[in-house]
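Heads up, the next two complexes both have chain A, just with different partners, chain B and then chain C.
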Partner chain A sequence: MKNIELKKRQLRKNSKKALPITALLLLTLPVVAEQSVFELRIKDHLFLPSVLYVPAGEKVKLLVLNQDPSPEEFESFSLNREKVILGKGKATLFVGPLQPGKYEFFGEYNPDSAQGVLIALPEAEWLQHKANHAY
Partner chain B sequence: MLINTVLMFLRELLPLCLLLATLLVWHRSVWRSFALYFAFPSLLMLSLISLQMVWISEQLDGLGLELLYSFLYLSCFVLLCLSALKAQWALLSSAFAAACLFSISGSNLLLYIWLPGQAENTPADLVLGSALGVGIGASIAVLWYYLLTELKQWRIQSFALLLSLSGARQVMMTSALLIQSDWLVAGPQLWQTEQLLSEQSELGFFLQALMGYEATPSLSQVLLYVLCFTVLFWCCSLMEKKR
Partner chain C sequence: MKLYSKKAVVKALCFVCLCSSMQALADGRVVDKVYHPYVQPLEREFEYRYFYQRQADHPDNNTMGQKLGYGFSVAERAALEIYVIADRISPEDYKLTGYELELRWMLTEQGQYSADWGMLFELERQNNQDNYEFTTGLLMEKEFGPTSLTLNALAVYEWGQTLDAEWEGEFRAQYRYRWLPAVQPAIELYAGENYKGAGPSLMGVHKFDKQEQLKWELAVIVAIDNDTVDRTLRFALEYEF
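Now for the complex of A and B:
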């Protein structure tokens, strides 16, 4: 009887210790929620569209299609992202959840021409933007 | 084009130069063996990655290259820990750690050098820019080498600290790549020091290469950084105690 009590106490102690470890592990698990996908093209060393609107406060998936034969590197200091996209290739990268605001990005191999800005809109403005651009 | 080439070379080579200088201070007496152990796997991995880059980048829904790079960065950190823990493997594993970093920087630079049309359009800028980039990187590495040599003689813990920072930097790079690939949850952004010290400034650039300075780090990045820094510093302290 005593043994069972002792084991239970030990288990309780261990579970308290395990809590922060579990929290850390959960933090590293990949997110399975559905994400919005936004397409960005690179053509003639230009980003198209050069201004990309995304919703603030949620993670979004950027699909970058390089239509040039040469590779390009998507770089953004404010978004903290960099990714090489090979010639005629495509790449996926995830950004956010972002605070509302402007986030500049550029092509590292052609920084003079390949420039763009990602604008994260608050929910109300994003819904308005979506309504205005619904085809 | 010239400035862009210099910046590209510096960005890729400076972290490698700093790590190599740090490791050369450590393996000063056996630097020839270190160079040999470093050169062979470096060239092998660089050739494999460069030759298969298209195939690699298409794997895992276009995330192949990021995941390979994050694996190499993480291997670099693990090998540094191993070299601090096991004295008999120190030389080999630290040379392999540097080789992991070389294969990433080298493959990025080869891609840049062989951009279609790059060499034909502005060959002089490319050659001069590369020479300047390599020269600046090497000069900083030499200065770093002598500074570390002095620091090591003055206080051995300072060397362990800088090596641990360098190792934790590789984990910072891993976490950034995993977050952008959605393989690691970023968590909330902890602070914003962009106004105070921009990553694009000279000091920000240097600190990024040395210890993975990040102006807008997320929770998981900071947690991993602190954890890995502590582990490597502990390994280095054990190494000193064994001596």
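Now for the complex of A and C:
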């Protein structure tokens, strides 16, 4: 009887210790969700397309392909992203979930020519945009 | 529209509480840079850091330290930095006290998971005393709309001629509002051996030309317990090119 009580006490004590560890593990768990992928190309120091529409309110994946031989850096303060893409290389950026609106970006190596804007559309507008551009 | 969940905020706060509850023991300087877990390929920089402590009746009164470093990326996700360290510990004069080698390693892509992760490895040698300090730990950053929470949970191992070999813990946190590129206010928190402090900070970035920018940080950290020196001033400049 005494042993059972001791075991219970030990279990209660250990479960208290496990709480912060569980909290840490929860934090490290990746959030798995299906993400839409959008392609952005860099050619002749220009972003193509220079206007990119994405859905607001969800995380999106930007696949940036640098077709120039020189490196370029995708930079945007409003998106809180900066990423160097080596010449003839590619990089993946994860942005969002975004509020509906415009988010400007530029190429730090060629800021005068490499400029673009990402437009996050609310759900209804995004569905309309998709329908208009379906092929 | 819900853009970041309450659950994520709770998880981040749990991590802060977990790290704060760890035994914090460190002989060295606790107030220093709060590291972000990001590395860029082709990154090159010169860095200057300064700190000053003040409290008339405290043993650390009038302590001043400076660090000068040169850093560069060695791989797509790893960067090395080498520092020269100079300290003034009253009543002694200013002198070159050591060297440090630092490696930052970006573990996850920014925004890929619910939080971004990196690791830090530092090896410091104290001049003339044959003392060493090895620091390693996790760097974490999480976005909450226009704000970012950055946490550093570090373990420090010290050994040498005039030091008892021991493991210690350090914790740094920064909650930053990304207001304008040049002006980003933040709150910082530090915990280590005989040090628990928090205070406001201000940082920003100024671009000069293609690939050239100057980052700056200024913080005033005040004691939140009796053992801690009253006021610590922290300043840093980074010239990236």
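Note that the second predicted complex is superposed on the first by the 108 of 135 C-alpha atoms of A that agree within 3 Å, B and C clash if a C-alpha of one lies under 4 Å from a C-alpha of the other, contacts with A are read in each partner's own complex, and residues count from 1 in each chain.
In the analysis below, contacts are C-beta pairs under 8 Å (C-beta built on N, C-alpha and C of every residue); 3 or more make two chains touch, one makes a residue touch a chain.
A quick note: this is a predicted structure, and the numbers were derived from the prediction, not measured.
**Student:** Following the overlay on chain A, give me a clash-or-fit verdict for chain B and chain C.
**Tutor:** Overlaying the two complexes on chain A (C-alpha atoms) leaves chain C and chain B clashing.
**Student:** Is A:Pro69 touching the first partner chain B, the second partner chain C, both, or neither of them?
**Tutor:** first
**Student:** For A:Gly57, decide between first (touching chain B), second (touching chain C), both and neither.
**Tutor:** Only chain C; A:Gly57 stays clear of chain B.
**Student:** Would you check which partner chain A:Val117 touches, where first means chain B only, second means chain C only, and both and neither mean what they say?
**Tutor:** A:Val117 sits against neither chain B nor chain C.
**Student:** Quick check on the superposed pair: does A:Leu46 touch chain B, chain C, both, or neither? Answer first, second, both or neither.
**Tutor:** Touch status of A:Leu46: no partner.
**Student:** Using the superposition on chain A described above, determine whether A:Gly87 touches chain B (first), chain C (second), both, or neither.
**Tutor:** first
**Student:** For chain A, which residues lie in the overlap of the chain B contacts and the chain C contacts?
**Tutor:** Touching chain B in the first complex and chain C in the second, residues 24, 27-31, 59, 71, 77, 80-81, 83-84, 86, 92-95, 108-109, 111 of chain A appear in both lists.
**Student:** Looking at the complex, which residues from chain C come into contact with chain A?
**Tutor:** Interface residues on the chain C side: 1-4, 11-12, 14-15, 17-18, 21, 40-43, 109-115, 117, 143, 148, 178, 181, 210-211.
**Student:** Quick check: in the complex, which residue numbers of chain A touch chain C?
**Tutor:** For chain A paired with chain C, touching residues are 20-21, 23-24, 26-31, 56-57, 59, 71, 73, 77, 80-84, 86, 92-100, 108-111, 122.
**Student:** Can you tell me which positions in chain A touch chain B when the two form their complex?
**Tutor:** 24, 27-31, 59, 61, 69-71, 77-78, 80-81, 83-84, 86-87, 89-95, 108-109, 111
**Student:** Hey, which residues of chain B end up touching chain A in the complex?
**Tutor:** Chain B reaches chain A through residues 4, 8, 53-54, 57-58, 61-63, 65-66, 108, 111-112, 115-118, 176, 179-185, 187, 194, 198-200, 214-216, 219-220, 223.
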